[in-house]
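In what follows, structures are represented as structure tokens.
Next, two complexes with chain A in common: one pairs it with chain B, the other with chain C.
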Partner chain A sequence: MKKQLTAKEGVLITLKYLFMLLCVLVALFPIVWVIMSSFKTNKEILSNGLALPTQFNFNGYRDALQISPILQFFSNSVVITVISTFINVLALAMAGYVFARCRFRLKNALFLLLSASMVIPTTSLLHPVYLVINKIGLTDTKTALILVYAALSMPLSLMIMRSTFQAIPPSLEEAAYVDGAGFCRTFFQIMLPCAKGGLASAGVLAFLNGWNEFTFALVLTSSTSVRTLPLALGYFTSSFSFNYTAMFAAITIAVIPSILVFAIFQEQIVNSLIAGSVKG
Partner chain B sequence: MKKRLLALLMAMTLGAGCLTGCGRKPAADGNQASGGDTAAGGEVVINYPTFQIGVNTAAPVVAQLVQEFNEQYKGKYKIVIEEIPGDANYLEKMKVMISGGELPPVVYGGGYKVLDLALAKDLVVDLTDYVNQDADWKANYNEQALAVNSRDGKIYASSSELQLVGYFYNKELYAKAGIDKPAETWDEFFADCDKLLAAGITPLSMDTGDGAWCTQLLMGAMIATSGEEGLKFMETSQPTDYNLKAVTDAAAKIQQAFAKYTTKDAVGGVYENAANNFFSENTAMICNGPWMIGDFSDTTKTDEGFADKIGCAVYPGPFVYYAPLEGFFVTKQDDPKLVEASVEMVKFFTSTHAQQLALETQGMLPASPQVEVTDQAKQKFPLLADFLVMANEVETRSNDFTSNMFPNVTDVISQQMPALATGDITPEQFAQALTDAAAKNQ
Partner chain C sequence: MKKNKLWIPVFLAPACILFLLIYAVPLVLVFITSFFDYRLMPNRFTFIGLDNYIQLLTSDPVFAEAFRNTVVWIAIHCTVHVFIGTLLAFILYKKPRGWKFVRVSYMIPNIISQSAIAMIFLNLFNPQYGVINSLLGAVGLESFQHNWLFERATAFPSVTMTWLLFAGYTTTLVLAEALSVDESLIEAARVDGASSFQIDLFIMFPMVKKMIGTTVIMAATYMLQLFSLIYITTGGGPQTATTNLPLMLYQTAMKENNYGYANTIGVFIIIVGMITMVIINKAFKMNESDY
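Let's look at the complex of A and B:
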């Protein structure tokens, strides 16, 4: 039999739901606003940004596809981001495992050094990275972006993977070693499947970083066959000329994959971000 | 064991395959970061990065010029466009490339002060001999074009476009306020603003963001027409002292205009907000150049028939902004053939034909005194034709306020203009902030 709620509990539950509703509205508002704006004229967007569109048509989407090679950029983004995410996750899972399990000199100092690279502003990396990529002849290639994106997400992925492996009981490995498994086999067949949550979390964050990255894509590439989606948005605004309707349509096309990826893997992301945080 | 080795080998092959597939394409495809290439048939490929794509008003002109050049020099030279969406992104990329000591063979300076940055790194080819040896090319340089494109007596760039700027006004709103013609003096101008206010109409479109383009045009016109000191200041390239009466007086009037004569979104607003207020008939005047004329009949930005309501005027004084835009320049390359090809490209892009095409297609005013404004252009852009008649009668002319500045001072304008607008700083403090920023270049 259900317990009857007191008046105080009723008020608290109502407040809780109101707060959750507010959070949902805050999270959804930018997305809904961008989608609504993609159906408004430039005049409507600039005159009253919050008003509903006076008519629904897909002219903005048509213009977005005509003005910029957005579909080509989209497919480039998919290729570059997927490969860079795979490399990032694989390499950092191995590094994270070593940092979590092995004992060697200067381990903590090395980990601190790698983690500290997270605080280096991306813009300050621009010039040295440009020079290195140019020197090794990778300018204007997908490989350049793949390598850079895989490296940019390194500190975060390393921290996630280390804490994930730390949360897995060492007895699992000990059992594997007793059964005759070597170091590599233990890692790939025992530990990696146990770290699925962390892998998904690091992967999604690396994917989102790569998918949204703009500056390196601008500087390291020059041809349409290599460039990525964030660059497409620059086609719609220029000095003294603008097409905001098409720009919002392009943003809608650009953000949908990010939202889908996050929506599909949200449980893994949240779980593995808190994994290890309560480890005693 | 063998099975594992095979799996490892296959994984490595797959990884290498992925990266190889994502590698650089052959040079003949034109996919290079900078520079160019001599293709198999001896055709020199010029990679040309440009922001004049997408919604940029010059995009159709550039596309046609590239097509014509590639047809005319087929088998010899070929331009491959590198699209850089957005002028700010273009500038960012050029700055990174300059710092790396490597620029594309041809660079468009525009109003972005790229030439001086490239010259500081000794990356620019001296065009003096090329220009002097070609009478037609040399004839395209008048006194102003030479001044804009030369440093220490050497010609480094070639202009194609003239910046001739006054302001636009809404004739219907003027009539409602009982104003029959644009003001001839600044006293009349502000009296007209009061009449518009009395009729319930906001007089001016202004902005503070992105260099405060519309606002700085108004301010510069006031400085230039304030007297000898002001005009001399406006004719000075990269001034270092803004603590002049002409500047502080103009800043005080701008402060007053922000308080009284403009829209609420002017503080913090950028050009797009100012333009939309004018397009939506929220304001009666906007300072801007002829490139805006096409927007008056764009029904995604304005209502049908809006273009018929618009008139153009020179500033009180009378005064008009008149300056060729810094043009195209050629950069130093290892391959002399590529330099020759690049010089040919610059010559083609700044030829009288190219300037005529830009005029008739987009209403861009030519930098060359040899290019005539044809009847075709006048019919297509009647407002431009009216403005040219007025502008030709004006003797007091100069470059605009921010174009003369050191690049870092333009950034300070964006930071200080909102404070001036809200009264957080005085006109004197505003002038001092600009002076301090300019001093950093010495």
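Let's look at the complex of A and C:
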């Protein structure tokens, strides 16, 4: 049945693949270039920005770790992001469950209010958030960023968790209640394990949001023992101005965890994006 | 379930506390303080009514430029960026060879941190060893080499390139929507002799229109949050050529400690967000359920 392609169709197909190739290049080239440059020597980088490294040397990574407290920043990022993701997912799983299953006064109003936070560009709240954090005595602490990051991913996680619990058949809980389990126990022992998919979707997105966040970290923290990896990169423009290899190594160190998380949780990320976009 | 009523507030409490601390209270504060002359040095907190708003709108050239830049960027992002992403989604939904690879790799710039992207572009555009100038040099176009991010003429378009082409979210969302369209519909059209272009335009496009509208809203919101990409690359300069509203807010609040004025900018960002959302909703008729 396959008919001969006409010239016009041939051109269209070529264009189509060309466009696909272009998109991949645009997306991957910058990152590949940075990783490649992190193995070059300073001299190689300066003499020809496009050439491949003549040999793989890890001096850049060694220097990056020595010159800047990048390991400290990295571990700060891990601590802050992991805890805030945990709080975010737990708090919104609990709320999402109640919204999905229970009936109480003002339920719809409260849900609307909580999800309305989605339409507020959070940068507009930069100073008031700083004020609040200041007032409760958390300036320049990890706890401050943990709280803020847990809240920033709130609307999305709420949507995801509510719809996850709505999709679980109520018969499961009824069986648990008949067996005499309480509300709390039913939630933690029966419902949470059933909602694994939703928890993962919400968690991955909250993790990436926290891991990559820059603005609030910049405003709410100042000391090395608290600041996160995205901020560390900002330092490199000044303090690393003559060690390009180390700078490229540092960028690579910052980028790899995100790519790994994405590679592992692709499916969940796509799902949570779709769940989060149903807001029109 | 009656006896469990007690647990409801307990389960809602953590989410509500987060909401109050990070959204509700700051939102009230941003509105109230925008009516005050509120700064650190000299320490002042006096009610001045609409003075901040009047100054912002009538006699602040920085705000005028930041506002114009933000609006231009929203317009470019909602059209060019979304168009690129949608075009790719329309190619990929027919599942050509390698479509999954393209979808995944196109997402990568969207999931790594903006500050890393900013650092990468700072280097790509570097006048000494950056890729752009190296390429131009290699093909003998030295006269087109620039200090891309730091010359007045090239800074705006250059900084725009740090986000414009990375439409992975748009592609992923529109593609997911397109893949969920009932295939028999497309099959029927094909049997009736519709060309693949006609199918895209008259069947697929209306089916995914709402999702495209959603991605346009996401694009607009993204532009209103845009900070680190500019802060790290150009810092808003040269002068204020690449300053946007969030950057101006940051500088006013954190560098000049002029909090009342900064929060007036904050109120503006919220208002611009609301207006854009209403316009986009209208344009895409998102509230009508027509199929």
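Here is the rule we go by: the second predicted complex is superposed on the first by the 189 of 280 C-alpha atoms of A that agree within 3 Å, B and C clash if a C-alpha of one lies under 4 Å from a C-alpha of the other, contacts with A are read in each partner's own complex, and residues count from 1 in each chain.
Quick note on the criterion: a residue touches a chain if its C-beta (ideal position, glycine included) is under 8 Å from a C-beta of that chain, and two chains touch if they have at least 3 such contacts.
Everything quoted here is computed from the prediction, not taken from an experiment.
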Partner chain(s) touched by A:N209 [first = chain B, second = chain C, both, neither]: neither
First (chain B), second (chain C), both or neither touched by A:L138: first
Which superposed partner A:V148 touches (first chain B, second chain C, both, neither): second
Chain B versus chain C as contact partner of A:A254, first or second or both or neither: second
Which superposed partner A:C102 touches (first chain B, second chain C, both, neither): second
Contacts of A:L158 with chain B and chain C, given as first, second, both or neither: second
Broader residue contact with chain A after superposition on the shared chain, chain B or chain C: C
First, second, both or neither for A:T81, with chain B first and chain C second: neither
Partner chain(s) touched by A:L110 [first = chain B, second = chain C, both, neither]: second
Which superposed partner A:S201 touches (first chain B, second chain C, both, neither): neither
Contact residues common to both interfaces of chain A (with chain B and with chain C): 46, 126-127, 130-131, 215, 218-219, 231, 233-234, 236-237, 244
Touching residues (chain side chain B, partner chain A) in the complex: 18-19, 21-25, 29-34, 47, 49, 51, 53-57, 82-87, 89, 92-93, 96, 99-100, 102, 271-273, 275-276, 279-280, 288-289, 291-292, 295, 300-302
Contact footprint of chain A on chain C as seen in their complex: 1, 4-5, 7-8, 11-12, 14-16, 18-19, 21-23, 25-27, 29-30, 33, 84, 87-88, 91-92, 96, 98-99, 101-102, 104-109, 111-124, 126, 128-131, 133-135, 138, 165-166, 168-169, 172-173, 176, 210-211, 213-215, 217-218, 221, 224-225, 227-228, 231-232, 246, 249-250, 253-254, 259, 262-263, 265-267, 269-270, 273-274, 277, 281, 284, 286-287
Residue ranges of chain A in contact with chain B within the complex: 41-43, 46-47, 67-68, 79-80, 83, 126-127, 130-131, 134, 137-143, 146, 215, 218-226, 231-246
Residue ranges of chain A in contact with chain C within the complex: 16-17, 19-20, 23-24, 26-28, 30-31, 33-34, 37, 45-46, 48-50, 87, 90-92, 94-95, 97-98, 102, 104, 110, 113-114, 117, 119-132, 136, 147-148, 150-152, 154, 158, 177, 182-184, 187, 208, 211-215, 218-219, 229-231, 233-234, 236-237, 244, 247-248, 251, 254-255, 258-259, 261-262, 266, 269-270, 273-274, 277-280
